[in-house]
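Heads up, there are several structures right after this.
Across the two complexes that follow, subunit A remains constant while its partner is subunit B and subsequently subunit C.
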Partner chain A sequence: MFAHIFFYRFKCLIRDKQLVFWTLLFPILLGTFFYMAFSNLNDEESFHPIHAAVVPSGNSHYDASFVEVLRSVSKGKNRLFTMKTAASQAEADRWLKAGKIDGYFSSGETIQLTVNESGLNQSIMKSFVDQYRTNSAAVAQIAKDNPNALQNGLLQDLSDRRSYVKEVSGSGAEPNNVLNYFYVLIAMACLYGSFWGSKEIMDIQADQTERAARINTAPIHKLKAFIAGSLAALLILFTEILILLAYLRFGLKIDFGPRAGFVVLTALLGSILGISFGAFISAVVKAGEGLKIACLIFVTMAGSFLSGMMYQNMKYIVSQHVPLLSWLNPVNLLTDAFYALYYYDNLYRFALNAGMMVLFIIVFCAGTYLIIRRRKYARL
Partner chain B sequence: MIHVKNLLKRYGDLVALDHLSLDIKEGEIFGLLGPNGSGKSTAINCILSLLSFDKGEIEIFGKKMTPDAYESKRNIGIVMQNVAVFDELTVYENIDYFCGLYVHDKSERKRLVEEAIDFVELGNFKKFHPKKLSGGLLRRLNIACGIAHRPKLIILDEPTVAVDPQSRNKILEGIARLNKQGATIVYTSHYMEEVEQLCSRIAILDKGRVIASGTQEELKAMITLGEKITIEAFSINEQELQQLRELPGVLSVQWIEKRLVIKSGKKAGSLEAVLDFLKTHEIGFGRIYSELPTLNDVFLEITGKQLRD
Partner chain C sequence: MPVFKVCLKIFRKNWLSVSIYIVIFLAIALLISATSVSERPTTFSQKKARVAFIAEEQTPLVKGFRKELSRSTTIVALPDQSEKLQDALYFRQVTYILRIPKGFTESVLSGGKMQLEKTVVPNSIENTYVDLNVDQYWNLARLYAAHDPGISQNGLASRLRANLSGTTPVVMKTENAAKTSDSFSMFYFNFLAYTLSAVLIMGISTAMMVFRRRDLRMRHYCSPLKQANVTMQLLAANLLFAGASWAVLVGFCFLLDPQSIVTMNMLYFLINSLLFTGCIASLSYLISTVLKSLNAVSAVCNLITLGTCFISGVFVPQEFLNSTVLKIASFTPTYWYVQANTRIAKLTHFSWDHLAPSLYSMLIMLAFTGAFIAIALVIGRRQQATN
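Right after this comes the complex of A and B.
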């Protein structure tokens, strides 16, 4: 019986062309569109070396290793800096004022950084200095003993541009890449999956459709039928999200970081979130199918907007000024979970997002249960 | 088979069922006749345990009816007032889906579904989706979905609304056949002709109350009207009309569009008396029609209004 319902619900759902369009084709089209729009904004290409200068202290004990390190990160195609050496601090100041450089380092016992505005480049310079400071003793020693070693990997960390971008973006500045757009896109697709959940409710609540009333007269427990249907819906949505993920990852080469297992887990969580959200809204909003769909679209689109779908910085504006909203926005939770998997080595931030999603799922399921467990209706 | 006692159902202030009692016996075709909004669907949905109600008792197959009464539910087939099928499934799949909620054995189900398709003569439309079916065919699909599992009790809520006369006759014949095969039928309608043609016992519903119930003959015997006589008359004056009204057995006389409409009581002889009167007063007349009372007349006499307005 369970299998019978599951099978037929699956057929019913998968043949709903409109829903398949909105939950699968639309995100794929939008992703392709993003890809084309952003392809020249790709992080590797859009990162131009930072114009910087160094003011030597004149004390070779300090200067030698620092200048050596700077030189090594200012070479090659993927260099971090385009470096000039200033004769004096006054000259460096002039360059800074004229906008020729974004900032300059003053060598010495402690390295000083001078900038006159704040931005991504300045932040990167800052974290470069911080890193250098922590490692300076070791670096200085190596530079003295074996200068070649610096190029051969030891400085890899120090010169890995991406590690700075990551770190800086983690602290709230604008990350220099477009990954977030694609992460929101997946989150949006999951939430559009709420249509499936909504359909399940409409086909089980006797006061919503005659079909449902008919099911209610059959010798089967309503909740059992509902669970069978919802599992069919979940299977469909999860498969769709996996297809979307595969398209983004292998077709458009969007990077999700190294933890594929967690990415798939997030997709599953997102699918469950979408279905349970749709079921909940559909159970609460009894009036008309149009109003339900309007609610679902509104929450999904508003959530996507606040997560940076149309304007990337929106996500940071929200998380800085209304942090509660970013925790209550299911689209943002999903986006941020993908983001955390990509940017952070530890799973703390991912776990926070996943935990919040599980909480939402529990609330949606419990709410839905409380509404649909009634088997007699006051009116049809 | 169905036993309903003192059922009270309110929608807010509106009393939809006012202490409704029904007794439906095994093997009969029971008609629930009432105008729009009289509470037919409400009664059916209460009986099916879909609607909650304020007071009353409902028993089906001798057991109290609840949402969990699966044993009873297994033997009930329901055809809703509105078409209740899935647009995404074909004719065959729709019937199979609903049948599968009752019958688990696959090969038996296949046989039953085929039988149901033959029964409603949808053999040529098995692979059609409901959107592609005409209104009459859709109604037939709706019926097939409710009866494929061969229930002992079949409840049909206005299954012929918006169906052309030919399809309607097919449906009515089919229902009679189901009854012959042993099913008890509950049939609601606001068409008295259907109910007269089909039902062995009838309850007439108005404003949530049973205003009369019994066989057709019993119902018609309840009222004073025995015969309705219509005579084409060319001219007649007020005084003569008044004299007609005073003839023995005549209940009422109206002269509308050159027709005399005379209602007479149960005793025979009124027609002769009227014709004698017309002859002696030299009133010219043409064709004469005589009709026996209908359920509409029963309804009219009890409630003072037409069944269909």
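Right after this comes the complex of A and C.
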């Protein structure tokens, strides 16, 4: 009997095209849009040689050394600038106005910088000139303190610049913050699975749908029917989430870190969480289907917003200022589990999230059970 | 005008699903307006990278270094816990974590090879920027240590402070930038594309689909009204709805950013958004002729609005999108709307030469409008014939 109900519930659920659209196709399409819109965002952060120009003053005493230094940092693959020499200030102005350069240096006794805006590239240009100026000041000061320094290779030492920083990696993974959008998306898809859970409750409470009334007249234990139906819903949702994961991983090449087994386990936990959450809300909210759906959408979307779906720093802001909310938001628990699997070498944070999810599942299942058990109907 | 009145009644019945979009839009607009700077700076101010500074030793030089570094960076106080630091880096609360190991100062002064440790967003602009400033300080310290023997650490720190003080004169050419360039109004009008699309498709498509019901159409046929009259009434109701939506949404911009009203750019923003409204209204009409079920409206509406807005530069500016995506997007009116908007925002002169590219984009939008109407009419005729 159990298998029979399971099979027919499965058929019944999978024929709901609207639900299949919202729980499978919509996340896949949204993921594709994310991918199209965000694929270049990381590149925008990276450093590209700055387009700059220099306007010589005509006085070789000032020009020669400055232009020489500029040339030395405008060579090679790791160059700081892509440098052009302007014939006149008017020409440099034209380039600046047309957006061909980020700014230009005017050589002379005091080197001057001309820019359009206060951006990072312009700040790097300014730091570069500051450096040139402070080097001269330091050499003058040292020569004053110790006149022999100039003979002892002071200028040689000055041009022999050393790098005083080395990069150490904080973790095995790059801090690629665009990934968070995709993690929230999967979390959202899991929570959209709550529609399936809600449907299960609607179809088991005889006062809510005709199908439920029919099932209640059948000589079978209500809990058995409910568990069979819920497992059918879980099978559908988990398959959908796996399809979504496979699409993101292999189609869009989204990085989930090296622990594939744990990622699938998170997807399973997320699916159970989604179904049990939907069942719980649907059991608590007694009013019509519209209000139940509205509640589910509201919680899912608010949870997604707080986990950084629309503004990624929101997740960080919440975790810093209202940490309790991060732990009570099921969307954030799922997002954070994926994030921890990708970004952290140890599994401590993942385990915390997974544990919290299990706790939520227990609460939702127990709550649902207590509400729908032993319900009798005087008439249908 | 019974048809007109019924149409308005449907709009009113539908107000909840439509107003959700407006409320979300307004909330986001308020958030942006609260964080956006209304006055454009006229003088140059150095950008500051966000840095986490963790020192394992507190020598006079390290203290001096921290002070100097704070001129080009904002030092964010974070606890020295790897999880907290990693989180902050991932969410860009800091873009550079700098750790000064014990014994570093001694190593620099004695010409050793010890290095500071940084954890960064790889290859980022801030990485280059902070490196430049860090290296400068310690290179000068090395220079002094090698050529000014006998100088104490305190003396060295004050020498460096004196050397590094002062600043390079920077001229900022503000006349090159329009008042509305990157302003709140530009973001507002770009984002308007999303809300306007959602509101119009939800409103118009739903109402028109009701009128496409077979029994309702048959009722119209046997009424004493001419078909042309019915069509005109429907058109008037839809135009009223579209116009009202446009007016409401644009009206909020005037409230939130009153400074932009007086600019010429605003006039063109308005024309552009009005043309876009017309275009999406005709698209909504087309959608209603194609769809068979009312339940599908919300799915199609979400797909079309989110899809076009993501790839056309409404949520992420067009300059950040890759060229293939933009090529695909150019087959949607939203792309041309955003492009015209961005161009208008940058205008400082309004001669024909300067305006032409924006007007060209608007013209393409008009062509889309014509095409949508034509296709909808053809489909409508066919449906009529088969019925």
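To be clear about the criterion, the second predicted complex is superposed on the first by the 241 of 380 C-alpha atoms of A that agree within 3 Å, B and C clash if a C-alpha of one lies under 4 Å from a C-alpha of the other, contacts with A are read in each partner's own complex, and residues count from 1 in each chain.
We adopt the following convention: contacts are C-beta pairs under 8 Å (C-beta built on N, C-alpha and C of every residue); 3 or more make two chains touch, one makes a residue touch a chain.
A quick note: this is a predicted structure, and the numbers were derived from the prediction, not measured.
A.B. asks: Just to be sure I read the superposition right, which of the two partners does A:N116 touch: subunit B = first, subunit C = second, or both, or neither?
C.D. replies: So A:N116 only meets subunit C here.
A.B. asks: Taking the superposition on A as described, I'd like to know which of subunit B and subunit C A:S326 touches: first, second, both or neither.
C.D. replies: It touches nothing on subunit B or subunit C.
A.B. asks: Is A:A138 touching anything from subunit B or subunit C once the two structures are fitted on A? First, second, both or neither.
C.D. replies: second
A.B. asks: With the two complexes superposed on chain A, say which partner A:Q312 touches: subunit B (first), subunit C (second), both, or neither.
C.D. replies: The second partner, subunit C, only.
A.B. asks: So, does A:F38 touch the first partner subunit B, the second partner subunit C, both, or neither?
C.D. replies: After superposing on A, A:F38 lies in contact with subunit C but is clear of subunit B.
A.B. asks: For A:F128, using the defined touch cut-off, is the partner it touches subunit B, subunit C, both, or neither? Pick first, second, both or neither.
C.D. replies: second
A.B. asks: With both structures superposed, pick whichever of subunit B and subunit C touches the larger number of subunit A residues.
C.D. replies: Comparing subunit B with subunit C, the partner touching more subunit A residues is C.
A.B. asks: Kindly list the residues of subunit A that each of subunit B and subunit C touches, one partner per complex.
C.D. replies: none
A.B. asks: Inside the complex, what are the residues of subunit A that reach subunit C?
C.D. replies: 18, 21-22, 26, 29-30, 33-34, 36-41, 44-47, 80, 93, 96-97, 110-124, 126-131, 133-135, 137-139, 141-142, 145-146, 149, 152, 154, 157-158, 161-171, 174-175, 177, 180, 310, 312-313, 315-316, 319, 339, 343-344, 349
A.B. asks: Inside the complex, what are the residues of subunit B that reach subunit A?
C.D. replies: Against subunit A, the touching part of subunit B is residues 11, 45, 48-52, 67-68, 70-71, 73-74, 76, 78, 80-86, 88-89, 93, 97-98, 100-102, 104, 145-146.
A.B. asks: Over in the complex, which subunit C residues touch subunit A? Could you list them?
C.D. replies: 28, 41, 44-47, 49, 72, 82-83, 85-93, 97-99, 108, 115-129, 131-136, 138-140, 142-144, 146-149, 151, 159-160, 162-164, 166-173, 176-177, 295, 299, 302-303, 306-307, 310-311, 315-316, 320-322, 325, 328
A.B. asks: Under the definition above, what is the set of subunit A residues touching subunit B in their complex?
C.D. replies: So the residues of subunit A in touch with subunit B come to 1, 4-5, 8, 11-13, 15-16, 203, 206, 209-211, 213-222, 375-380.
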